[in-house]
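One chain, chain A, links the two complexes that follow: it is found with chain B in the first and with chain C in the second.
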Partner chain A sequence: MVTFEEISPADFFYRNRDIAGFTNPVRAIFSALRELVENALDATDLSGVPSEVYIRLSHDNDTELGDDVYRLRIGDNGCGIPARHIPSAFGQVLFGSKYKLKQARGTFGLGGTMAILYGQITTHKPVNIVSSTGTSRIYKYALMIDIQRNRPLILDRTIQINKEQWHGTFIEFSLEGDYSRAMPKILEYLKQTALVTPYANITFVDPKGRLYKFTRVTTKTPPPPKETLPHPYGVDVETMQRLQRITDCQTMPDFMQKHFHRVGETISLSFLDFAGFIRTSDPKNLKGEDISRLVKAIKKNKKKGKNGFSHNLSVKEMQHFIRNTQSGNLVDFMKTHFKGVEKSVILRLLHAAGFIRTKAPRKLRSDEIVKLVRMMKKFDGFLPPDASCLSPLGEDLLKVGILKELKPEYIVVSQRKPSTYSGHPFIVETAIAYGGDIPAKDDILIYRFANRIPLLYDEASDICVKVIRSMNWRRYKVSPSMPIVILVHICSTKVPYKTVGKEFIADRPEVKKEVLNGLREVARQLQHFLTKKEYVARERRRLDVFSKYLPKIAKFSTNLAGKEKEPNIKVLLRSARKFED
Partner chain B sequence: MVTFEEISPADFFYRNRDIAGFTNPVRAIFSALRELVENALDATDLSGVPSEVYIRLSHDNDTELGDDVYRLRIGDNGCGIPARHIPSAFGQVLFGSKYKLKQARGTFGLGGTMAILYGQITTHKPVNIVSSTGTSRIYKYALMIDIQRNRPLILDRTIQINKEQWHGTFIEFSLEGDYSRAMPKILEYLKQTALVTPYANITFVDPKGRLYKFTRVTTKTPPPPKETLPHPYGVDVETMQRLQRITDCQTMPDFMQKHFHRVGETISLSFLDFAGFIRTSDPKNLKGEDISRLVKAIKKNKKKGKNGFSHNLSVKEMQHFIRNTQSGNLVDFMKTHFKGVEKSVILRLLHAAGFIRTKAPRKLRSDEIVKLVRMMKKFDGFLPPDASCLSPLGEDLLKVGILKELKPEYIVVSQRKPSTYSGHPFIVETAIAYGGDIPAKDDILIYRFANRIPLLYDEASDICVKVIRSMNWRRYKVSPSMPIVILVHICSTKVPYKTVGKEFIADRPEVKKEVLNGLREVARQLQHFLTKKEYVARERRRLDVFSKYLPKIAKFSTNLAGKEKEPNIKVLLRSARKFED
Partner chain C sequence: MKTKISVSEKKKEVLENLRNFGARLYGQMEEGAFPWIKMPSRSIQNIFYSPEVRQYILGDKAVRRSSRNIRHIRPFTQLVWAAYFAYELAKNRKTSTLRDVYYSAQAFDVAFKDQPESNSIITDLETVVGFAREDFNVFPEERSAIFGDLTIEYTVRGYEGRQYNLMSHPDGVMIGPAITSAEFVKTSTDMVIAIEKGGLFTRFIEEEVHKKFNALLVLLGGQAPRASRHFIYRLNKELELPVHIFTDGDPWGMHIAMVIISGSANAAHLRDLTTPDARWSGVWATDIVDYRLPSDELTPVDIKRLYELQKDPRYKGDLWQKEIKKFLKIRKKAEQEAFSRYGLTYIVDKYLPEKLKEVA
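On to the complex of A and B.
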């Protein structure tokens, strides 16, 4: 009857390749090239030298296989892959270096292996990999994938001496495809990649031997993206459990500060107090030495004066206070007796003086973990994520890239301030280019980028396109037939892609808002430009009429006045032209 | 520097839940409900009794957790799950019964577990499962998922006596969500599910205690979908290797017939000959007994007469032929000497008489497997996939479903003939409903279905919507403000979804063509209806004018003629109204 089975992740993606962007021979060759170019660029970003990416696509000479089989070779001067990881990095699905909270082009740890897997199932040939991290050795592998077990099969392995300390990776394999139909998308992809990576040299040799070179126009690279800690707002029970299992922190304040993004001592204490994870003694149970320690701590504290801590507080007074208090714990007691002092100051003071006790993180029960996570979402005292871990392109590089690839008459770019969704920081960059070499089409051209990769498919479902379509462009003097390119770049430690093939971005309200604001900004500037342009055109038309009739009028008036010498109309015309400057 | 790690499939989908349709609390509660309803309906389709699905969504009473936590309970009278598979079926990603070539609602073996996983990470509570396959026992489990290891954790297991031989499954778990915002989509989903499953009773109790009942209008169920073999056109090297590894066939013709869809003896031989996998002896090497066996086989064959096989062929004649032939193998020899006989007849004859030798499938080398697969794609003699394994709804059930849920004035439905893409059979059903209870909106309503599930998200990227938008509806007298619902249902052993969340269907040219033709068919019929309707409306207006003035004209004419009795105009009006019938 019904039979059950377990399949490996490699098997899953083998059976469902539509999901990863390998729908047909056209899409497959595009996706394979793209995934490997993105891995190459990620690797060069880490190596700190300006990117060199070499791509060669050629017909496979194996005549047995037929015309639609290609060999794809992609090389980079990136950081290379440590020898022991090479087999798994290319021969195992869901194995990778991309599972960190960090801005990267690849995000699923899947694309490169998927390309190789596709090559294998269509041609059954091994993939060849050459890589070095710049050590004294270069490693060469020939691999295949055991799809059912999701494990690499090493067919061959050789080691060479690396005299020149070369670092980088070369990958070469065969795959079925349809280059002639994929060509427009591939070239568009490379052009847009060059636009958004103006510090990279990209060379592409196509199957007909045509050479496409995208040369860098700057060696200035954006700062490399940094790894970051999870933000408390984005943490769920599973993440909390994993942290709790591996932490070596003994107290909750330490745990909070060590494992979460932008949580310092004050915030950790305020949060733990809010969440009910802090215990302090009943003041009545304090011993003599405790009380003098507390008084000493108060005296040392800088918060003094009226309603604050008193300079002259004596142990005796404190004992008196304690005897008469009705508070059952130290925090409340302090709050009642030093009204002008903020709670956070009290908490820090008590913590520093050793009056605050928390459970050891590793001893939290599972219901306490759930509660901790819930309270994290409710607490409003956490700082917003810091976007310094992000690496947007920046307005200058964006401008340079657009100028280089589109050669427009006018550009305006804008970088929004960092924002966040579900605890993930993100930055939106927008640009509009007008005129020059941009062709006037039926509709406005839209370039979409995420973490510096162009998105070329499923445009209609993308949040950026939805926002652009929802805007009233006539307000900005834009009409559909104008030669305009609108560009949106979203970078984040986690781009909310809707598909494994990285085709389009999900409808997150926070992202939507930023995209809209970014677009409005550039649209307004474009409007000024277009208004001025319109004015100039109008004035020029007026002046043309002027310069046509003025000589005749001058002559006629001279005759009429009975004079002989006509006035110098050149001076007049010159002054009228001044507005053009 | 760069660190590498392996993650489990559960971990992958935990980290990338946007991909599986669990983007935010609104989508999550929709997706969870939907995935489990679809599993329930799949299970009831297998049990052979009309479906009963019970859904209850209620606030979780656990006040610790807050208002946005719900308990979801879904039950069905389906085939149940064998006890030993229950933990993995619900507690392990990529474990399931859905990996067969068979039409099913669920296709990734992922949805149900993903819903449970989402519940676990947002509430950290176990899932409770009750199931029986109709045996003497009912099994109850409390489970959680070890996400990092992708394994179920069994917290509790009890067994009950099943006196009434109940079969089915109940699942209950807690999850975070936003029901009030998800409600419209959930109700729309249930309504469309009821439309496309008119043989199911679906009961939904929502968190406010409101009861929604979708009652079956028929007990006639479509035939249950059947499992099928892979079609040669859709086979790749990996599939071929797997078959080769497990087969017990000793010869290639047997192998082809046993493991592939619609491959019989004749086709298997023609193909293997085409692909170069058949060897026959050199006629010159035949021994005497071989020759008489061959002659006997020829005489037994029915293909006789002119240019065919001769009745009177003697062994002597044959020996003479063989002596003088230049052909190096038996097939060529036979082809040359019996010109009127088709090659396939010769192959079958030689095969039956034991003159054809092939390798044992298990001994094929890997390059031979690649060649076999390539030749399969090139051979044009395979039969198209048989769609009898599919279970479309059928025109009657579709009509009943639409009438029940939409109550239109007019319906037209159409079922296209089976077609195929990449070796997968599929059938497109289309319908248009007009008027009645259908509201007139700004735009035409589109209902999309695949394997009997409604698709409600990412409409703009769906192939059906693209086709509808590309059609010139004015030609069919349709204007956007008309009260119209257009419905497309695609069923296949493999629906080419673009996303794991089953939101929309990829752009396969074969599918596109069928959808277009199906829509044209129903659009043309709608056009006839609308034309007739227009005519009726026009005639009625004319008649209204008639019946208003006719009495006056009658009276006036009577006076004018000097008569007293007016003619009976009722008879006249009645005859004019006849066209309305």
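On to the complex of A and C.
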């Protein structure tokens, strides 16, 4: 007998925790820490105060559980979570505040809860949460997750008075892990996070009691991202259906303008006309009042003269046109009789005068919805998304962050202009750091970031790494043995991750192109720097050669000539110098 | 004792030249200039055969080496060091070898990359100073030998004024620094016979060729070292002895003789190494035919070499051209030892008298 059953999202991720990065104790402890740090940083970004993140990882005192059980405590000074959402935010998988179209570190509403869920299944202990949004109260919860039902179980709840108007969140729970082996990755993760978040204070106390402090070097934060509407290119049928069901717009042009990114009257009309969602009357069916309204509208229109409408069009003339026209609808009619007037102008005129009829969006049939979505992808008149929903780090902050964590001799950073893939805006930032405290390894170090998250695993599959490998670095005077860090940051409302574990970025041609161009830009600058450095080094070597040999020539010649005193060669050495140190 | 070239006079001149070289650079530096030198170019384009001098000479092209040039300063320093080193050697009457030069440079932190680099600097010094390196006491490893009635007087340290007869030792006497720098005192001989190979040199001594022909015997030992070439030159110039050269009958043997007669392109910057009046007295290609000598086929390399020699300006003479043609015609070569076919003494009893008569 085959039995069928339903499982909850929590149950699904419980069974498939590998895809969220909880493969083994080493990876799990890294992922748990990382997910919660990212939530903390997202929360502080929203609160608008410089981030303070505190992480403490310690051995669990509960000796029954063994050595490999740790307690993880992470706190932040972020915006806090409204009391009524606390249980669901931590006790329910796929519940979150980040399903909006703006850049954030988290996107799935999964990571934090997955960490807690992992803790629960390995130790069966509740998670403790303390949070306040800066109101007069601080809420404390003890929760567990009902995995089969994907629901929080509230074990305890207390309320404290918040005298100091503290805001932020603290989470503490137990989990199984292997810190000693996860340590290098965790420290690397924190270091790279500090690099890309130079305005945050990050404190980490590890199980051995060692303190790692990453201190902020600036209080400047990148401008927070604005929430945005979906771009027509990025919309699928499901999204369209949801929008169509909830909208209160009565007409399609209104619907387009209200629910989509950078769609105005002209574009909405052009698109709907292109997609065949516009209907107009047969000119022959126009009543007398309609005709005079149309003539009035034409007269009012500012587009006159050569490429516009004729000046003194009378109702009579219009009636004459209508009698003789072959066109079956008003748009065609206007096009044939007012040659030279752009179609978009005609559409706007007709729309303003109330001659355009469309279906009410809520009444669209499912085949019409599919058609609408398809036509959206075909239409080439949409404006590219703007980048206000993105929050790149910016060249200055990136520079500051790199200086702080890598202490290189030379940095070059570059921010590309916003671009899009499948209707999702994205910005690529690149940087190269050279020398200083950067160690020279066998290969160039690559730091990858997406929405200010360091990506540490699966480097070889990442698009940035592929692009870097495909470039001819020798052209830029770069050899693998040089102390170089190459950094790529991609920020987007939807980073094209390949997995839920957010480890590497998929191969999108648009993204690839931007990454390549960004890298070329910084590589060129590095080349200039290296060329100059090489020149200086060459000159120094040259001077060394002169300083080595000229005195010898002087000495031998003096001996040969049988003189007592050596000739003065200081002048010669000085003249061999091309620049001052 | 017609044209006596005083060895000690020459030594003085060498030292003087080295001193002047140093003084010139010293003066340049005193004037605030980067020291520089100008010397004849030794590039192939600047080497010409001079029919008047009967040897290769350098043309008018000159190179300027300046210590201001970053690529020149190291070899420049090495050259100055080499001059200093040579000066010290000559002044203290010590000798050394090219290998010594290579190693000695390291003590002064002007180390050479390899032996050829060091050799080339010494050649530069020869060009600048105008004397062969043997004159400033740098000798090659290879040594040849001499036997016969010639009395010399040493000038080397510890032996000054002592005389020695070169017939005193039956193996011959090595032509080393001591012989090279000796003054000639007297000789009873009428000619010089130079022999390519050691075996035949010993046979000639055993068969008393020196007595029978009243000759000085010189062992070349293959391509003759420059010290020997200069020594043969002195025997010819100072003692007016005619010189006969016996080599194997092949292009390589011919060339051994030719280098003694007309010198090499490598030594175009030097004089007094050639003996233009010396004669190549065998083994000729015609000898292979006339004496029906046991012979080997010429190899492709031998033939290629013959064609090269045919075009060489030094081989313009009738004898040379005739013999080259003959070699190419018979395609055979023979060693000096080939005469042993007719008994060990045949070469001395029969061939040599006939040959000397023919050449004279």
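One rule holds in what follows: the second predicted complex is superposed on the first by the 544 of 581 C-alpha atoms of A that agree within 3 Å, B and C clash if a C-alpha of one lies under 4 Å from a C-alpha of the other, contacts with A are read in each partner's own complex, and residues count from 1 in each chain.
Just so we're on the same page, contacts are C-beta pairs under 8 Å (C-beta built on N, C-alpha and C of every residue); 3 or more make two chains touch, one makes a residue touch a chain.
Keep in mind the model is a prediction, meaning the values are calculated, not measured.
Contact with neither chain B nor chain C is seen for A:Ser174 once the two complexes are overlaid on the shared chain. The larger set of touched chain A residues comes from B, when the choice is between chain B and chain C. After overlaying the two complexes on the shared chain, residue contacts for A:Val237 are found with chain B alone; chain C is out of touch. By the touch criterion stated above, A:Arg508 is placed in contact with chain B alone, chain C being left untouched.
When the shared chain is aligned, chain B comes close enough to touch A:His124, but chain C does not.
Once the two complexes are overlaid on the shared chain, A:Tyr549 sits against chain C while remaining clear of chain B. Of the two partner chains placed by superposition, A:Ser132 touches none, neither chain B nor chain C.
Legend: residue contacts after superposition of the two complexes on their common chain; A:Ala561 is shown touching chain C, with no touch to chain B.
With both structures placed on the common chain, the touch criterion links A:Leu572 to chain C but leaves chain B unconnected.
Touch criterion met: A:Ala460 reaches chain B, while chain C stays clear of it. By the touch criterion stated above, chain A contacts chain C in their complex at residues 542, 545-546, 548-550, 552-554, 556-563, 567-569, 571-572, 576. In the complex of the two chains, the chain C residues touching chain A come out as 18-19, 21-23, 25-26, 29-30, 32-35, 67-68, 70, 73-74, 76-77, 80-81, 83-84, 87, 108-110.
Interface residues of chain B, counted against chain A in their complex, comprise 1-9, 11-12, 14-16, 18-19, 23-24, 46, 64-66, 79, 81-82, 85, 88-89, 92, 94-97, 99-100, 108-109, 120-124, 147-148, 236-238, 242, 366-367, 369-371, 373-374, 378, 458, 460-461, 496-501, 503-504, 506-508.
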